[in-house]
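Worksheet: the structure to be examined is printed underneath.
Chain naming follows the written order as A, B, C, D and E, and within any one chain the residues start at number 1.
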Amino acid sequence: MSGFITVMGLIMVIVLTVLLLALLASLVRVVRGPTRADRLLSVQMMSTVGTGILLLMAHYGQQPALIDAALIIALLAAVINAALVQLLRAPRHD
Amino acid sequence: MTDVQLFVGLGLLLWLLGLHAVMTHRHTIHRLIAINVSGSGVFLVMVSLASRGEGVDPVMQALVVTGLVVAVCATAFALRLGSARQQSHDEAESPS
Amino acid sequence: MSWALLSLASPLLAALLALMIRHGADRIVLGATLISLIAAVLALASINGEQPVSLNLGGWEQPLAIRLELGHLSALLMILTGTLHLLVGLYNRVSDHGTSSRSDYWPLSALMHAVLLALWLSRDLFNWFVTLELLSLAAVAMVTLSGPKAYAAALHYLMLSLMASLFYLLGIALLYGQEGVLDINQLAQQLTDTPITRLSLLLMTLGLMMKAALWPLYLWLPDAHANAPTAVSALLSSLVVKGPVFILWMILWHLAPAPFAEQLGLVLALFGGVALLAGAWSAMTTPYLKTLVAYSTVAQLGYVLIALGLSLRWQALELATALWLFIIAHALAKVSAFLAAGEMQGTYGRKELTVVKGATLTMPVAMFAFAIAGGSLIGLPPSGGFLAKWILLQPMFTSPAHWPWAFTILAGTLASAAYVFRVVSLSFDQPDITPGSLTQNLPAQWLSLLPALLVWGLALLSHPLLLWLSRGAVV
Amino acid sequence: MTADGFFDALLAMLIVSLACGALYSRSLYRAVVFFIALGLSLALVWARLSAPDLALAEAAIGAGLTGVLLLSALKHQAAEPLRPMRPSFQLLMAVLTGVTFLLVLTTVWSMPAGMAQVGQLALNSVNDSGVEHPITAVLLNFRAWDTLLELLVVVLALLGVRQLKLPNDRLPVAWPLLLAWSKLLAPLSLLLGVYLLWRGADAPGGAFQAGALIGSGLLMLKLVGLAPTTPWSHWGIRLLVLLGSFTFLLVAMATDVFGAGWLTYPPGWNKALILLIEVAATASIALSLAMLAGSDHRELNQ
Amino acid sequence: MTEVWGLISGPVAHAVAYGFLLIGAFFFISGTLGVLRFPDIYTRLHAITKADTLGLGFIVLGLCLISGSARTSLLMIGVWVLVMASGATACQLLARYEQDDTDRERRDDR
């Protein structure tokens, strides 16, 4: 049974690592762009991936509060997108 | 190297990177970002030190929560101040 | 202790009330300041000659709770804060060049008052961090009261002070990481001389020096202090920069291991010597009146640094007495100088130094206030400035090895005489304008004279003052 | 190297590259995006270091508030020239900071292990504090004086912004999709905020996290033009902003006059008083933060 | 009912759950590859909002099976729904912003 548990732990770590690598990869989009939307897109991606990592960590580290944190990140990534569109869009009638 | 040492080192690195950037940049937003990165570094040192023993040190974490509030309020004030300064600067440049 | 808490609570409550009920904010704040001042005097009376009183907030046992402590030094500083805030507030209400009634000067200054009292009373490293942040934010907000021309200086000040806070906070983090407590007495008992101790003290010192505008980290001060409204400049120069100095003195005196204190003390004293001369030089060459007064703060903080550094280097408690006398005398004199300078600048309508030409004839009261405040800044006997300098010089006469310090102080005295006389001599010239063409505000000018008279009156009070300070300095 | 160590190293790498991106991007916009991403990733680090309270706070601030603030500042300050320093100066500074880093790192390396004395005391005293979550106990009972002052920091920052002659924002009319989306998000953030506040007594969460979250929701409504104006001149708005500080101060004074001492909650009352303070503080923090980031000249200076 | 629950929480279910996690990771990999390799913003938006959201869905599913607690599962499903909605909206918003933006010349961020 203990062998089974370590396999589970290993899978957990593998999945976590894959998600972290995805996070790192999304940086490429921030650097390369080429458009503003592209760069913000990577924030959206990071929030999705970050949510996943937090959920996994909540389970892995026995910290259920991290699920709340994931919820907040998912919520506020949406706010950021909205803010960008509202703040940086040129006013239409002025 | 333990994980605490890794994260303390990371915190110190962030603190100094921010410090360096604050001295080598002039734009207000750049500088404020640098100050905040620097602050995150300090918080990172604190949180790593809080997780040394069995269980975590609630006092240190509470200090970081307080520090975070202070930092975000001061940053907000500074950013708005920067915008106001830029606006008065623009008005002085082009009186219209 | 309850008098001290009343003294602390009343400006705090007044600030919130003044924000809520906007009509009559000035009366609320001035009334609360008076209450706070009386309570502070009663607090000093309640501990007169006895041991300081400690209060563990929340009723928790010692290292867990934040501890407030009312000692002689804290009580004196509370009285100083109350007095100066009351005077400056009255000036701001009476003067025609005060802040506009629509602005938030009153709640801001009341908050600043309360925060300073909290700082004097606290004995907890992290609580000091929060009060320092509050102090900086209040100061920056007050600098911006004078409108867009002050924004650049205010922003510079705010960013530097944020940076400084991070140094201080990292210092706390490392010290707490090593020792596990935040209370200064507790730390003093159990602290050992390790590299981490030294590093964290160094970081805190750097941060506090930036906040207090001690040389060479003073560059933000002249702009910010010269561009603020007059009442604000007076408060900033006399009180706000003293907050970090208080903390600096507390942590270095109580926590620094002796060999480290000696090294650091030497460096600080050297910095102080440079500050004396550099600040005075800038004051001698600047073309603006209020900037001159602001640079004089830089120079005067040089004395503070010398007293601090040498008291650490020689482990001499009497120098700490000199340090606090300097701070009190400088605060009183600087309020006078700033109020007089601001009143003249406002009345003549220009900010160049040359406006004071002939001021002895056109605005005699304000000019007199400036001159006798300058007298204390120079250290003419029997002013408070003289008293402080005299105590500072005492240990230097004892051994020839200390004479260079005495010479530095002498040079600084001459330099400060030079910039004060630069203004005073100009004021004896023939005026370009007739006195009748000015709309004078005599009550405001008399108010600016009052603190200067107080600083000369310190000589009368010197015996109890020295007694309290030498008691206050130990704890 | 263990699997955990590998994960930590990756996380550290991510943080360093994000920080470098935020600090050294030549484009301001890129720096801002990097900084937002850094905030998100720091939440992961706090999670890793078993600080869920901070993960919550960082998620609310780093992702929401600071992002909106920076984007808004970017809009107003893009015209300010960058004027980089001379390369020789930059190099000098790099060498200096590098040397400092090594010195500081070698010093801190010898940091003793184990729980701090005060931390242990706090953990032991949690049962007498009225709440079960140790961090809430520290913030609202053991070190309540800090928190009272911290609420004043929020008020002071808002007061500071109020003194400024701010540019008036003229935001475009929001797209219908955005409007509909905000109408969904704002109540959700309120709901989640209340949930965090309610959980704060015995689990990670609390007034500040809740306030920041609700504030972000309010801010979003402000941006798309759905929120009612919150003019400082209205007494109700001022009362709400000051409510937290008022409540806290009155509790402190009442405990001093009628009770055992300044901020010493009477036994049996501690839970109720802490809850009262937390609710008031949450409301104040939410409104203050939203106004701090999103109110313009008209609202603040009438 | 109890039999069903036993089946869900048994070792088989655990194996299935970890399988779901791996599938989730696979979707994240493909989403990332898409973001890196796709030629323009619109296709990249697709990669993020479809593949990554799906990946998250599988991970949530797996974690729900492992945890077996109704409250946690509900919260996690809430997270997933939120991410899905936010992804879909962000996709629309960013695409429109981009379209708006290309008219004006704003590619250079400075």
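Everything that follows uses one rule, which is that contacts are C-beta pairs under 8 Å (C-beta built on N, C-alpha and C of every residue); 3 or more make two chains touch, one makes a residue touch a chain.
All of these numbers come straight from a predicted model, not from anything done at the bench.
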item: Intersection of contact partners for chain C and chain E; value: D
item: Graph separation of chain A and chain B (steps between touching chains); value: 2
item: Chain pair showing more contacts of the two, B-D and A-E; value: B-D
item: Chain A and chain E, separation of their C-alpha mean positions in angstrom; value: 10
item: Chain B and chain C: spacing of chain centres that average the CA atoms, whole Å; value: 28
item: Distance from the mean Cα position of chain D to that of chain A, given in whole angstrom; value: 20
item: Chain D: positions in contact with at least two other chains; value: 4, 28-30, 50, 53, 72, 74, 82, 104, 108, 111, 115-116, 118-120, 122, 142-143, 146, 150, 153, 156-157, 160, 164-165, 175, 178, 181, 188
item: Junction residues of chain B, two or more chains touched; value: 19, 28, 32, 45, 49, 59-60, 66, 70, 73-75, 77, 81-82, 84, 88
item: Per-residue overlap in chain E, given as positions that touch at least 2 other chains; value: 82, 85, 89, 93, 96, 109
item: Full enumeration of touching chain pairs; value: A-D, A-E, B-C, B-D, C-D, D-E
item: Complex contacts: residues of chain C adjacent to chain B; value: 126, 129-130, 133, 136-137, 140-141, 144, 148-149, 151-152, 154-155, 158-159, 162-163, 165-166, 169-170, 172-174, 176-177, 182
item: Touching residues (chain side chain A, partner chain E) in the complex; value: 4, 7-8, 11-12, 14-15, 18-19, 21-22, 25-26, 28-29, 33-42, 44-45, 47-49, 51-52, 55-56, 59, 64, 67-68, 70-71, 74-75, 77-78, 81-82, 84-85, 88-90
item: Chain D to chain E touching residues, read off their complex; value: 26-30, 78, 82, 175, 177-178, 181, 184, 188
item: Chain D - residues contacting chain C, complex; value: 104, 107-108, 110-112, 115-122, 125, 141-146, 149-150, 152-153, 155-157, 159-160, 162-165, 235, 238-239, 242, 245-246, 249, 252-253, 256, 260-265
item: In the complex, chain C residues that touch chain D; value: 2, 5, 9, 12-13, 16, 19-20, 55, 57-61, 63-66, 103-104, 107-108, 111, 115, 118, 126-127, 130-131, 133-134, 137-138, 140-141, 144-145, 147-148, 151, 174, 176-182, 194-196, 199
